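Chain nomenclature is as follows: A, B and C, assigned in order of appearance, with residue numbering initiated at 1 for each chain independently.
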Amino acid sequence: MIQFINFYLIPALALGSIYALGAVGISMIFGILRFSHFAHGDVMTLGAYGTLSAVWAFGWHPLAALPFGIALAVAAALVADRAFYRPLRKLPTIYAVIASFGVALMIRSLVQLFWGPQNQVFKSGVRAPLVLFDTFRVSSLHLQAIGITLALALALHWFLSRTRTGRSMRAVSDDPDLASIAGLEPERVIRATWIIGAALAATAGVLAGMDTQVHANMGWNLLLAMFASALLGGIGKPMGAVAGGFLIGLIEELSTYPWIGSEPLVSPSYKSALAFGIMVLILLLRPQGLMRGRLL
Amino acid sequence: MDLYGLTQYLVSFLIAGGIYALLCLALNVQWGYGGLFNAGVAGFFAVGAYTSAILTAAPATGHVGGFALPIPLGLLAAALVAGATGWAVARICVRLKSDYLAIASIGIAEILRLSIINEQWLTNGSLGIANIPRPLEAWITGEASSWVFVVVVWSVVGASWWFCNRLYDSPWGRALRAIRDNEEAAHAVGKDVNALRLQTYVIGCALMGVAGALSAHHFKFLSPAASDPTLVTFLVWVMLVAGGSGNNRGAVTGALVVWGIWSLTEILTSRLPPDWTARSSYLRMFLVGLLLQFVLQRYRRGLVPERSPPLRFAELPVGLDAINETSRIHNKPRSP
Amino acid sequence: MTTTTAATGPLLDIRGLSAGYGATAVISGIDMAVARGEIRVIVGPNGAGKSTLLKSLLSMTTILQGQVLFGERDITGVPTAQLVPMGIAAVPQSRNVFVSLSVAENLDVGTYAVPGVDAPRMFERVYQLFPDLKDKRRQPAGELSGGQRQMVAIGRALMADPSLLLLDEPTAGLSPAYLERIFDLIVDIRQTGVTVVMVEQNARQALRIADVGTVLVSGRHHISGHGRALLANDEVRRSFLGGGEAS
């Protein structure tokens, strides 16, 4: 049991928290802009690298340097929207999807151009696990990731239910035409969406980078799982995406636990395909996701 | 550059250009005819490559295969297996809206990639398959063999081109384009939307498989790391959008033009000091991405815009073709 | 906030308006002048272009020709979201509430585009007009009945303290009980100084409360007149008011 918690449950929740933060952005962008943002993983990557540079420049802890990563990611998202997505707004949304595919590659190339293709770490060396109550040996990084994500999720919930911008975002997500009739300016809401989505993605990138490494493909590799998380929670529902992220993380990590006998249930090499499999199941059986149409 | 170098370049340009042209034709059937966004091109490419390699390579230890079958059989098998894979995928996913189909196709490519790496009994994993034969290997070797391959590739491209054009002009092709441009209307007229989409997807995937097989036979060695899948998929998309989706001339034109730009810039930057060469490849990738955005915004119809062939069949209502001619205004249902 | 200056002239002046969804005109050559404080009801057979006319005021169609003036301002084709700060609030026919927002949130959203509005006072006003909504204010609007949703929708529009209220078939699909209430409501709303332009299918009852009725046929203006006069008009009665409504 202890082993289960140490080596499976906590890491699963930590992975889930990274998925959750990325999935929220994807869910919001789909809800408001009505397309699947294929470049979201690379925005995450950019956030990680931006933070990395700040860490190198100032020697701060990655979380302290995070604002720099966020600033870079947000700037990139806003520029991409203005230059590449906005001109395509009136067309069928598949064009924005194709454009985002292009933006993904563009961001990745720039990252490789400026930071080089080799993998980076925030801080080298092995970290000693945190020992709680003399029994649980968990990674402090993992606990940190879970804690930060839960805090951000709460903040997001408050934002969406209490603030004008948050409610405007939910309104536009619900019905963009009615929102216009009610006087809500679509571009302002869109801007807010990119800012929040990119900021959360950057945070996810830093958490992921702290846990393992920072490399140019890190975001793209996680994209599938993040889409699955967003779909599981009900696309367009940001709080559902948080739950979806944790669920996918749990399923992925726990699938390699030897539930029956001594072999992992699912071969670790196919772990990443699991998220995809779940996603296809959702799309076919219950496309509206787990959360039904309640508030948020 | 001397004459020898020039002919070397020309040969490899024509071979790669031909393979990309085939990929573009394949993608055009899916996207241009059927409106299906396939972001998993590289996956089907790999399936075809490995199928042909396993069947035609010399026997080797460590993995299944080495049947040393003739190459045409390899190509045919590649088409069948890739097509069958496409059928399985489309069966599940064709009903999905285009956004989701895109995500699903990436997932497929990922699963295929993982399978290739992990199922070593079949593919020899990361070590790859060697000794894949060239056509007419027993009689022609060296440079002449490369020229032979150019002929082979472009024969396949030519045959596919003919096949795709026949499809385009047929009632099947018309029905498909009607669905692409106005699904609800086509459905109301009685077209079986999902069945037609399925067929589109399968045909496209089969052609991608053949392209993969050709590539395997050209390089004579195949491994999962052979080509960056994202790059292949992405370049093909840029080629198709730039060339003109919806018509085959545009597909091939786009392939040659974009490949020309890509390989030329590769040569130019290879003359820089090594440190710069690596970095410049990323810059080139960035610029190709920029090219895609530019074309998406300004020249969506491509270098060679689509033109509907003249109506030869009186049976088809004029209305649906008229929809083809005007811009593709598409009323998509809002919810997923 | 009704118009402060004692201005004369129509509040809404539509001149030679032709519009549609693309290149073909659904409505053509529409002239219509709505006076301040008027209740204008637009009726006509199905497909006459009534909703298209309203949507054109909201810049949600392709304007082919003509002009729309609001007070002194030319608002032809102005982006939809900019209309609310000018004092124009609209209630579309279907999908007229934000289903995943609560009743209170729906109403609140109505104030966002009008910076100077006194939100608490608006809430009070709306809750006074629609007491049921006050009890249900925390419920998601999607859980309400059609009639209740209509109230939320009209309430949301009123929260912006508009000078012009546009309603697209406010009684569509409502039970007879709600029907009566809606029409009484509209008269009440007009009493507070709001000009109302309403497209209606329930022509008989609507014309009864109308100051001016306008009949559209096949996208063109057919006849206008005092509401009750139109009701009494034989031709109008026969052609457009049939449909088994008890008068």
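Note that a residue touches a chain if its C-beta (ideal position, glycine included) is under 8 Å from a C-beta of that chain, and two chains touch if they have at least 3 such contacts.
Worth saying up front: this structure is predicted, and the values here are computed from it rather than measured.
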Partner chains that chain B and chain C have in common: A
Greatest separation from chain B - chain, by CA centre: C
Nearest-to-centre chain - CA centroid comparison: A
Whole-Å gap between the CA centroids of chain B and chain C: 54
CA centroid of chain A to CA centroid of chain C, Å: 43
CA centroid of chain A to CA centroid of chain B, Å: 31
Numbers and ranges of chain B residues touching at least 2 other chains: none
Residues of chain A that touch chain C when the two form their complex: 164, 167-168, 170-171, 173-175, 177-186, 293-296
Complex interface listing, chain A residues touching chain B: 30, 34-36, 38, 83-84, 87-88, 92-95, 97-99, 101-103, 105-106, 108-110, 112-113, 117, 220, 223-224, 227, 235-236, 267, 269-270, 272-273, 276, 279-280, 283-284, 287-288
Partner chain A, residues of chain C touching it in the complex: 58, 60, 79-85, 90, 92, 95-102, 105, 108-110, 112-114, 140, 142, 156-157, 160
Touching residues (chain side chain B, partner chain A) in the complex: 35, 37, 39, 92-93, 95-96, 98-100, 102-104, 106-108, 110-111, 114, 117-118, 230, 234, 237-238, 241, 278-279, 282-283, 285-286, 288-290, 292-293, 296-297, 300, 328, 330, 332, 334, 336
